[in-house]
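Both complexes shown next keep subunit A, but they swap its partner, so subunit B is in the first and subunit C is in the second.
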Partner chain A sequence: MKPAPTLSSAFLHPAGQSLPQPLLALRKQRAAALLGMPLPTRKTENWKYSARHLKLADDMAISLPAEGKTGTSLAVPGYKVVFLNGVMLPEASEFPDLDGITITSFSDLDEQEARELAGRLDHTLTPQSVQLAQLNSARFEDGLLIRLQPDAVLDQPLYIIHEVNADASGSAFPRIFVDAGRHSRLTLVEEFISSGSNGQAQVLVNAVTEFCLDEGAHLTSIRLDMEGDSIQHIGATGVRQQRNSRFESHCVGFGGALRRHDLQVRLEGEGAECKLNGVVVAQGAQHYDNHTNIEHVVGHCNSEETYRNIAADQAHVVFNGRIHIHPDAQKSNAEMNNKNLLLSNGAEIDTKPELEIYADDVKCAHGATIGQLDKTSVFYLVSRGIGRREAHVLLTMAFINELVAQIPVPAVRETAQTRLNQFFEATFQEA
Partner chain B sequence: MATTDNEVKELIKREYEHGFVTEIEADTFEPGLNEDVIRRLSEVKREPEFMLEWRLKAYRRWLEMDEPDWAHVHFPKVDYNAISYYSAPKKREDMPQSLDEVDPELLRTYEKLGIPLHERAKLAGVAVDAVFDSVSVATTFKEQLAEAGVIFCPISEAVQKYPELVQKYLGSVVPPSDNYFAALNSAVFSDGSFVYIPKGVRCPLELSTYFRINAANTGQFERTLIIADEGSYVSYLEGCTAPMRDENQLHAAVVELVALDDAQIKYSTVQNWYPGDEEGKGGIYNFVTKRGACIGKNSKISWTQVETGSAITWKYPSCVLRGDNSVGEFYSVALTHNYQQADTGTKMIHLGKNTKSTIISKGISAGRSSNAYRGLVKFGPGAEGARNFTQCDSLLIGDRCGAHTFPYIESRNKSAIVEHEATTSKVSDEQLFLCRQRGIDPEQAVSMIVNGFCKEVFKELPMEFAVEAGKLLEVSLEGSVG
Partner chain C sequence: MLSIKNLHASVEDKEILKGINLEIKAGEVHAIMGPNGSGKSTLSQVLAGNEAFEVTEGEVTLNGQNLLELETEERAREGIFLAFQYPVEIPGVSNLQFLRTAVNAMRKHRGEEDMNAAEFMKLAREVCKQVDLDPSFLKRGVNEGFSGGEKKRNEIMQALLLQPKLAILDETDSGLDIDALKVVADGVNALRSPDRAILMVTHYQRLLNHIVPDYVHVLAGGRIIKSGGRELALELEEKGYGWLGIKDEDAADAPAN
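Showing the complex of A and B:
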């Protein structure tokens, strides 16, 4: 048997030495741990369906330059932070000037703060299940620490724009850490975009975002994956929730060469609840893989998860949702729902909704379906004078709009709806 | 309440009913596995050359394979060299021609197990090909079956009498390289049943085999092959019990079903092997590969299983739906108690057009057991108009057990539709209260509720099995409430 290929050591040389000492030490330690890590193959359970889309060439290992101009001029109401190739651009960002909220670039942290942060990074994620995303901790060149004091409320959404410049091959490692104090409120919008593409360049984006919610904190995370086709994106989001906190996540993803997002939530205090919504659309030869994991560590917590996926042409969409009820986590409620539309015979959808339950007084359910548009619905619309193509667009839009309509920030919701509508118009051209 | 408590304690203490060992001198190979053992085994069984070659090829393949570890079960590693790969009842040399010639000790064993082998066989309308350890001892109703043209015999006999059928179909559904345990089984399988139903014949009897593990340290490697030719029908029952033992006993069986055009096979199992004691000591390791191939158009394979025994169960009766319009069904009740671990489910592989499959799985966990459903529903690109419905429900009794669901759904055809749903809950307090209020004791109430929970599966079982299954659940659940 051939030995499994391992992660090329070229990927373990971080650039950017401007970070404080404790973070540099952490990077070094993580890099050492990843040395010789086997790359996922078809036999790696949590990369089973996606390993064939993963292509890590050595020339992608170098960090994309941390300078340059952003190709975006996003006029959004609210506070914004712009990351270019994994490094924050202060001149393009607008920070809130409010009591109780501090937003600091990792490079600007003092020794003491950096040591504290280094001790908390990666604690929201289960290392075994996000092997590749861990690369971020060995490579991040910058990052953002968002800290909310108790009772702090951000009056407008905070936008974080992660842009990569795909003119040359390389990689970017954006990193966000949110520490939400007791009863604080925050809506965070993360948008992943890319600019410039010569088609040949191979770019890896490896983004990790972590949220720690203290008692009673309410946090809404909105994530738009809208990078160019050639980008390989491996991302992870980790969440830890204390008593009575609430976390809401809305992910809208467009496919690409490789898209992998791991979303892991740990409900660690009684009365905590989370709601995870996700929409994925993919066409052409695109790929998208969502892995979610909800850990009910203690009892009396609720989780609700709804994902809708659409695959057209030769696209490949994967969903893996896991709910894990720990021993003694009594009175847990967990619901997971995953519906998929397969629009073409060349496309493939693989889904795996898992339940792992070690407590008896729980209510857990999951459902999954794969199918195509209901013929009678199409007929109903056509019989009322709506064109066949338009009927398909309408029904497909309706299929995902149930979730998109729940995005609480109007500007983002509309952006997403417009993009999705364009996508369907293009998909059903010849229908 | 006092009396109930005492009764419950009594019940908890009750030992495994079928736990006894029959003292019979067995002609047994010394433990260990190598090519010589396989050659000797093949020689003892007077097999033709092709069989030996086939076994050796499987063995060499097995050596290259790693024991799988993906299932949700934990157990100490099996030492394959500590197992004896052949054990036969003493009178192997001159096989008994009729029941009178059968060792009376054996017959008494069967009697204790309640197997209708003697005259009862005829009354029950069941032809029994009973496997006692590794060699089939007595076969009844052969004449009646022969009249219909049905072949029902030990597979070792089929290898000699019908080599062309065996050669054509053995390993065609589960190739030796399929998995670790299938490879092991292919190399060392001891015996099992062979069934061939000719074209257009509806098998006049429900065929049945009772397996029984006896002599200690003897792995059982059953091999069953059922072929239903065009337009035929057969219902096959398999049930098992085993004596109480401390050492873990390995059981790695392979069952292959082949359904040609318009043929139908119904395969029902009640599995009640020794599950280990209250501390999880002992018990059977049940690592089984069961697969049916619907090769022909309009064929149908239906698996029904009631799994209550074994310390570790690792079993996925599957259907490969190759023929257009073929149908696959899987109905399962898996109950685990004390320290039992089960990882069971099915695979429905849709390749042909308009293929349909239904999966109904009911898992019940009690005590400190772990019960997992693992299933795959796959639609190939050619599975135009295919359809699957899956429902897996889990019931938890007690707060120290686990219930898990791992369904894999893969679709590559846009016109295929799959629906999957799963729920997990405990025996509801309201239901229990309702029963208690009407004077039903808690033990009985739980048993009633569980029986209701499993009803969908039980109604798929042949009548006599359904009764047995209901009783089995009751016995297995004893002591789980109190």
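Showing the complex of A and C:
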């Protein structure tokens, strides 16, 4: 048996040196830990269905330059931070000027702040399950620290546009850390987009976002994955929640060469609750893999998770939803629901609810289904004169409408809707 | 308007319709009665174009056009409307979106412009009122959580909205209490017009007290075994299907009204 391929050392070359010393040291430490890391294969449990889509060629290892023009991002109203190829562009950004909120580049932190941050990065994520995503900590060129003082409330959503230029091969490592103080409020919208593509370039986006919610903080995260087909995206979002805090996540993902997103939430204070909604659509030969993990560390917390996946053509969608209820987490209330829609015989969806429950007084419900468009419903619609294609679009939209409608920012909901419509137009093209 | 000649149809290789002959002219109301399993619903579904049924023999024309060659949606656009016995619930598609899409599909077929949202809303509210449905039903998912009676009224409301040439009502009376039956009957009567035909499929004669048919046909074993005027329905009620030499256990349980 030949040895499993390991992560090429080309991916561990340090780049930008603008970071303060403690963060450089952290990066070096992470790089050392990843050296010789075996790449996941189909025998790697949590990469079982995605390993074959992972193709890390050496020429993807180099960081893409943070220069060039940004595209659509300028149209976004209100507060926004624009990342190009993983690095923040201050001139394209519009920061809120409000008491109680500071948005700082990692490279602008002083030694003391940087040391504090270095001690907190990666602590929202379980290292062994997101090893590949943690390449980010060995490679980020810079990052964004968003701090909310106690009781700070951002009056409008804060957009983060992650744009990557897909003209040349390379990689981007955007990094965000959100530190939400007691009873603060924030809605963060992350849009992942790409511009340019010559079809040959191989691009890796490795984005990590972390949220720490102090007591009573309310945070809403909306994430739209809309990068071009050729991009390989390996991302992770980590969340830690203290007492009575609330975290709401709305993810809408469009498939691509490789899409892998890990969402991990730790409920660490009583009364904390999270609501995780996710929609994935994939067509052609696209792929999308969502792994979620909710840790009920203490009792009296609620989690509610609803994911809907749609796969057309030869697309492949994976959902793995883990709920882990720790021994002392009595009176936990966890609900997970995952429904899947296959639009063609060649499409594949793999779903796995994974429940580990070590406390005896808990409520934990889960359900997963995989189905096709209902023939009776199609007949009902076409019997009213509606074209077959339009009937298919209506019914497919119906499958996810409920989740799209819950996206709390109208402009983002519209963006998602527009992109979804484009997806359905392409999927149900007139033969 | 509708001409059915020697129609045979099967589902999963089992022949259900064994040679139906029926002529319906514009302005007429026909009732098809018969015991359970006689093929009444199959006939409705075949006319509307449900692919689960295979037509093995015979012909059906609508104003001279071969209906069997048309797709379901084309039949609808040519004026066939089926009020379902069991209307389908479609959560996630609002009734309003559904109806507007249907109306505009019909308009497009006739070469007309789409109806704008405001115009449509006005029209939809009017037809809702006609079948005593609160306009709030327009905002709900198609038939989602509707009671049996509300579903049937929603079907009739669609017929009023789409103004078909031939409305086929499949057991529209089943599951209705007497008040709802009256509302539905009023809706159907509003559909009656000299250039429209109505085909009612029903097990019981009680609907025919409210919507008086011009002709009554008895369907049994996949064939029409007797035709007559409205008095045939009354005779059936009095004597039961057994009178015609057919067994029907359900008919014996028919409510006396």
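The rule is simple: the second predicted complex is superposed on the first by the 427 of 431 C-alpha atoms of A that agree within 3 Å, B and C clash if a C-alpha of one lies under 4 Å from a C-alpha of the other, contacts with A are read in each partner's own complex, and residues count from 1 in each chain.
Rule of thumb we're sticking to: a residue touches a chain if its C-beta (ideal position, glycine included) is under 8 Å from a C-beta of that chain, and two chains touch if they have at least 3 such contacts.
It should be emphasised that the depicted structure is a prediction, and the values quoted were computed from it without experimental measurement.
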{"item": "Subunit A as common anchor, with subunit B and subunit C clashing or fitting", "value": "fit"}
{"item": "Contacts of A:Leu342 with subunit B and subunit C, given as first, second, both or neither", "value": "first"}
{"item": "First, second, both or neither for A:Glu304, with subunit B first and subunit C second", "value": "neither"}
{"item": "Which of subunit B and subunit C A:Lys352 touches, first, second, both or neither", "value": "first"}
{"item": "Subunit B versus subunit C as contact partner of A:Glu270, first or second or both or neither", "value": "neither"}
{"item": "Which superposed partner A:Glu390 touches (first subunit B, second subunit C, both, neither)", "value": "second"}
{"item": "First (subunit B), second (subunit C), both or neither touched by A:Asp108", "value": "neither"}
{"item": "Subunit C versus subunit B, contacts on subunit A by residue", "value": "B"}
{"item": "Contacts of A:Tyr380 with subunit B and subunit C, given as first, second, both or neither", "value": "second"}
{"item": "Smallest separation of CA atoms, subunit C relative to subunit B, angstrom", "value": "14"}
{"item": "On subunit A, the residue positions that both subunit B and subunit C contact, one per complex", "value": "none"}
{"item": "Interfacial residue positions of subunit A with respect to subunit C in the complex", "value": "374-377, 379-388, 390-391, 394-395, 397-402"}
{"item": "In the complex with subunit A, residue positions of subunit B that touch it", "value": "70, 379, 381, 394, 396-426"}
{"item": "In the complex, subunit A residues that touch subunit B", "value": "45, 49, 327-328, 330, 340, 342-372"}
{"item": "In the complex, subunit C residues that touch subunit A", "value": "48-52, 71-73, 75-77, 81-82, 84, 87-88, 90-93, 97-98, 101-102, 105-106, 109, 141-142, 158, 162"}
